[in-house]
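Below you'll find the structures, each written out as structure tokens.
Both of the next two complexes hold chain A, though its partner changes from chain B to chain C.
Moving on, here comes the complex of A and B:
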């Protein structure tokens, strides 16, 4: 494993897919101002899997809302594919934490997945085909006519992932996507996401409070902490393309990285 | 477990909720109808030897109802009334739902109109009938308009509530995935608010029937309201009762029809257990 001090300037030659510089976010004004995030930098390369890990309440969700264009940061810049974003961007798709609230119960799973494509102006046959393809990719082949509420939580989150994939964004932003499912389903979904990332080469930015999950999935773990939140550490992992819930987590380098993150988070 | 396999692991299937067996429907029908039968029987026998001029026997009431339905007197009136009711309700639904979607989505617009909405919905609707008919005249149009005006408020207010209650995560989804505005209205906001909208229509139905009858009691020569008032004025008391009874039956049938439509339209809502 190689480690790296918090980056201030990108050293890569390849152009970054996402580049965040000096981002600050706060709620309220003047004396009432509550600073959530201060001076945060983030580099996202093509095809990278990045986990952002931090304690509960540190401002991870706020960060993700800023990155997805739902919130406008008070300061700093967010660039996607070289252009600064000022709102939701077609290169960004989000998988929300609460699948039961982000899927629409009046639509079948196929309609749920195809709906954003309708928004893009795609024809009915084409978007339904794409929806079915992406449902198959997440292991839900032939389940397009079911309604979300006829499915288990894990299956619903698969639908939400299929919807994000079908949207064909360059970056998937995932906000604690496995926090509301049981442990076994969580492992299945983690492996599914890894698998999809390798197959489709999609770039993923996942926010979580679970250190094990962050390490297991990511090529790079970004640790955020303190108040207001900022990047306190970055860890490049090299567990390879083939990871295993037991073997990878038993790797001494896994334990070492885990300890390092814990120390970082305990300090404050 | 490795993720070297290209096939995604198949999740465990969940059985859809089993349908209730239908053999209990006869029993259910009996449970919901026996009291009506008993009430009608009590009415029938208690009023059988009535000597009170203003309380005719149920037999007389039903005889005049059958007779007037047969000779078309009351049927024509009922058709006239129901036309007014349904046109009025349709206008109320279009204005109430359309306005409700707008007011619910556009906060600045709602802030401007809020006091006016709350003033008008507080005015007893039947009290407006003489004024509206005085201004707009006797025809069918003003009656439909009065019904529409009265029925619009519960639909409008419920639609606004429904729109305000749309799940915030779904709104975020709509924004992030850049759903165009009209599509967002039609496929996200409207269905999400539909349970509340239907509840508003349900409240509007009896209001509509009341205003329908009242509107025909002013400067009218047609409709069930006219039939009731006219028969009363000419001391045909059984006809008066028959007219009132018919209005009740019509109201009941409309509410049954409404429940039937609502169950179909909101199938996902009832099946998902979201209520």
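Moving on, here comes the complex of A and C:
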């Protein structure tokens, strides 16, 4: 994907797709205030695959909901393509943790994928064709007439990914997308997402508690920890474009990076 | 929903036996002589039913009653669904209208009839209004329940993909509340027939209810009971039809609950 953006800062070498500065988030008010995230910075470049890794309950879902415009942060700024967002943004699509519930059971998979396009005002033939194309891209060719509840968890997750792809957003935000499928399905889905990212050039920001998954997928791993959560480390991985579930994970640099993250998460 | 494990053949036998027992009890009561003598026996009622079926007067009356009942019911369903989805999905409206709706649903609409007759006269418009007011509450209350139970993952999805309000209403809110709406609509279908007949008895607006009163005045108790029987049959038939439609329409719901 080749996209040009307005250069907001002359000093910036690569134009940023997303820029988060000093973001803080809390639930509740006054004495009840529960600080979840404090003073978080994040840069997302075009075409990058970023994993955000942190322990359960640290605030990953909260962070992703802020980034997707579903929650308004208490402080700080979130810019997408150079403009600050104040709610859900057409450049952002989300694959939810609770994917099976995020699909509408009264719609076929084709209708589910086409639904956001209908919201954009696209005609029926065009949106159905696009839905079929994207279903095929995630390995569900010819399954458009099935209902989500006729499918396995892994297939439902593919539908959710197809829906996000069809929406044609610049950034895909994914919240622990593979947490509730079995190990083999999980590996298949990870490789599918990597493959799609290379083919389509979308930018992906994925949140997970799984260190191996974070490292295997990402160009950059952002480690968040502590309470309130903040960025405690950033690791640029260097495993190249073609990754393999066995070879990549056997790479000494993989073990080294994993150890570094473990140490980071153990302290505090 | 749990399916009954009983075989359909046995079920039919049980039902026939139940009806037979009912007829037996009826006949016993008549025979015991504790009831006024004008009360017709089972055979007389069956004769009356036979006579009614071939009577053009009956079919005309039935048509009038059905038309009023259906019109009131459809109007109430449409208004109830639109109003209910709006109230149930907007928290502020839901909270502020709570008391009003609880009051309205327990208000005896039939008691309001004299006022409605005074305003509109003793005609089918009046009948439709009373039927509609009676049908509105079950639909409204059920729809509000349904709209409230919006899955949070669905709400997030709708927000993230920036689905416009009207599309959300039609393709998300309406179908997700449909299991509840269907129950409300089915309940109010029975109410519609009941109230329509009742209104006709009280106000003498044309229809089955008026015929029942006329037959009573003419001392034709067998015919009066035959008309009553048909009023019940129609209500039951409509409810059964709706249940059938509901089962087809909500296939996704049952699958989803498993």
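One rule holds in what follows: the second predicted complex is superposed on the first by the 256 of 268 C-alpha atoms of A that agree within 3 Å, B and C clash if a C-alpha of one lies under 4 Å from a C-alpha of the other, contacts with A are read in each partner's own complex, and residues count from 1 in each chain.
Following the convention adopted for this analysis, a contact is a pair of C-beta atoms (placed from the backbone, for glycine too) under 8 Å apart; a residue touches a chain by one contact, two chains touch by 3 or more.
Quick caveat, the model's predicted, so the values are computed rather than measured.
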Clash or fit, chain B versus chain C on superposed chain A: clash
Tell me the contact category for A:167 with respect to chain B and chain C: first, second, both or neither. both
With both complexes superposed on chain A, which partner does A:250 reach: first (chain B), second (chain C), both or neither? neither
Touch test for A:259: chain B only (first), chain C only (second), both, or neither? neither
Looking at A:70, would you say it contacts chain B, chain C, both, or neither? Reply first, second, both or neither. both
Is A:90 in contact with chain B, with chain C, with both, or with neither (first, second, both, neither)? both
Report for A:105: first if it touches chain B alone, second if chain C alone, otherwise both or neither. both
Specify the partner with more touching residues on chain A, choosing between chain B and chain C. B
Which chain A residues are contacted by chain C in one complex and by chain B in the other? 68-70, 88, 90, 92-94, 96, 98, 101-102, 104-107, 115-116, 118-119, 147, 149-150, 167
For chain B, which residues count as touching chain A in their complex? 1-12, 14, 16-17, 167-170, 172-173, 175-180, 183, 187-188, 191-192, 194, 268-269, 271-274
Chain A to chain C touching residues, read off their complex: 65, 68-70, 87-88, 90, 92-94, 96, 98, 101-102, 104-107, 115-116, 118-119, 147, 149-150, 163, 167
Contact residues on chain A for chain B in the complex? 68-70, 88, 90, 92-94, 96, 98, 101-102, 104-107, 115-116, 118-119, 137-140, 146-147, 149-152, 154-155, 158, 167, 185, 187-188, 191-192, 194-196, 198-199, 242-246
Considering only the defined contacts, which chain C positions touch chain A in the complex? 151, 153-154, 156-157, 159-164, 167, 171-172, 175-176, 178, 252-253, 255-256
